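Sharing a structure with you now.
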Amino acid sequence: MNLLDFADYAGTFAFAVSGTLSASEKKLDLFGASFIGFITAVGGGTMRDLLMGNTPVTWVKNVDYFLLIFSAIIFTFIFFKRVIKLKHTLFLFDTIGIGVFTIIGIDKALIYDLSAPICMVMGLSSAVVGGVIRDTLCNDVPLIFHKEIYATACIVGGTIYLLLDFFNVNLYFSQIATITSIIIIRLLAVKYNLSLPKVTFAQK
Amino acid sequence: MNLLDFADYAGTFAFAVSGTLSASEKKLDLFGASFIGFITAVGGGTMRDLLMGNTPVTWVKNVDYFLLIFSAIIFTFIFFKRVIKLKHTLFLFDTIGIGVFTIIGIDKALIYDLSAPICMVMGLSSAVVGGVIRDTLCNDVPLIFHKEIYATACIVGGTIYLLLDFFNVNLYFSQIATITSIIIIRLLAVKYNLSLPKVTFAQK
Amino acid sequence: MNLLDFADYAGTFAFAVSGTLSASEKKLDLFGASFIGFITAVGGGTMRDLLMGNTPVTWVKNVDYFLLIFSAIIFTFIFFKRVIKLKHTLFLFDTIGIGVFTIIGIDKALIYDLSAPICMVMGLSSAVVGGVIRDTLCNDVPLIFHKEIYATACIVGGTIYLLLDFFNVNLYFSQIATITSIIIIRLLAVKYNLSLPKVTFAQK
């Protein structure tokens, strides 16, 4: 198993845990929390695969994802008190997750020979759509639409990755540079409480 | 038309009626109620077909579903007072519906030679995703995430079906055993007001 | 570029602008507003393509849509004060948009040799689903479910188009008759404040 695969699994695990945890604030039952945990973890990749026509989608073909996510959900239910204390570790895994999901999304789009902007959209979809679906199902306006530099980190990282790919830079170096830049941007954003400007022009 | 087809149509009809009725609590207009009725009936099967790449999806290929659902919606608009009185019949049809949708979802997944857990997810998708979309569009947290043993009945029934399939039990017997178990679990759950434990561990 | 293509681009532009503007009422940030603008513009066509299995979906294959939408979003951010004053122009573009999206959806469905009711659903999907997703993500019950003759205009226009197609009427004439009828119905509806009757039968 190479580093990217490991990071993919770590990110999937973190997404499933964070989805399951967020469901608990909505007083969902065991099934509801599991459903949200599952869809948070697979939502982004599913959207990407559907848009490109890569079906059956990844997690339907490869049962490993289901087993990993299912374990993450059970793990959250059993060790919830410890899981909550692990929030810094989870945050790190989650950030590694969005980095690696961005790369995987772009890689799959490059295989389909899509244009650079669309590759970027596919990378971004992979990273953020799971969270968008999670929040929508929980009846909230998606968090990433109004808080934190989350998508922005993916966009910057994705741009770096596409540029390095364009100049044929060594793949491992590109991957590490991309993930590192995404992690740094997000850490700085959280530390200094940075966010994008709000859009408030309509007085209809 | 065999029994499973009949149950499929009865379930689709019940889902369309219940979707149309639920829309009325949200002060939707005729189009809004029809849209919700339609998507409640086809949403689960559509999600399953999309995930597996079985496109055009079933109701796009086979116009019978559209005609049946359209009739159910018109029927609900015309006979709404009687329809509301028929709620026990509707509940029964709805329960037959989730049973047969679970079986159909699993059968389609078995054709694609998917692993047992994924077959289960496909069965569950077919049965519950229509209701999840209905509630999300109506701006509610999906009912099955916090109330009633609904998905649980499908999971138990689906497990029975997959086990009987594994041991090569006669198909008709398997189908009847599965639907019967789903109906019994749901009736008992409603009668004794059973529900899954709530998830309330996060005090973030 | 023929007239239909021009109308397609004008409609896409108008949808992206209106999506971006509507996001501003929800205090979204630049990314959130862009995401909503994008999905409002491509949501309907994406749903239609996915349901029919026409993948990769149109905007993934043809980067022109992305560039056009991206320009519309930037344009809205820069010239928002003027854009808001242009609301009559935008309304006209939007109405041309739903007209042409209905026609494009039906045309694509006819290529797949689908039945007339399903062609209609595909035309309607193309025209209205983007707005449904926009409102759902913004945590509102979709506007077209309870206000204005919007979908109705598409349904009447689509019926005219399918009838004229059935009788082999000249294509250009059909397209113009369809779009004109959709525009007239919507203008009349807005002018005289017409709407569909509300559905209010359930007193559960």
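Going in written order, the chains are labelled A, B and C, and every chain counts its residues from 1.
We adopt the following convention: a contact is a pair of C-beta atoms (placed from the backbone, for glycine too) under 8 Å apart; a residue touches a chain by one contact, two chains touch by 3 or more.
Since this is a predicted model, take the numbers as computed values, not measurements.
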Angular offset of subunit A relative to subunit C [C-alpha, multiple of 5 degrees]: 120
Same or different residue numbers at the subunit A/subunit B copy interface, by half rule: different
CA centroid of subunit A to CA centroid of subunit B, Å: 30
Overlap residues in subunit C, where contacts from two or more other chains coincide: 50, 53, 55, 136, 139
List of subunit A residues in touch with subunit B within their complex: 20-33, 35-36, 46, 50, 53, 55-57, 59-61, 63, 66-67, 70, 77, 80-81, 84, 136-139
Complex contacts: residues of subunit A adjacent to subunit C: 50-53, 55, 112, 114-115, 117-118, 121-122, 132, 136, 139-142, 144-147, 151-152, 195-204
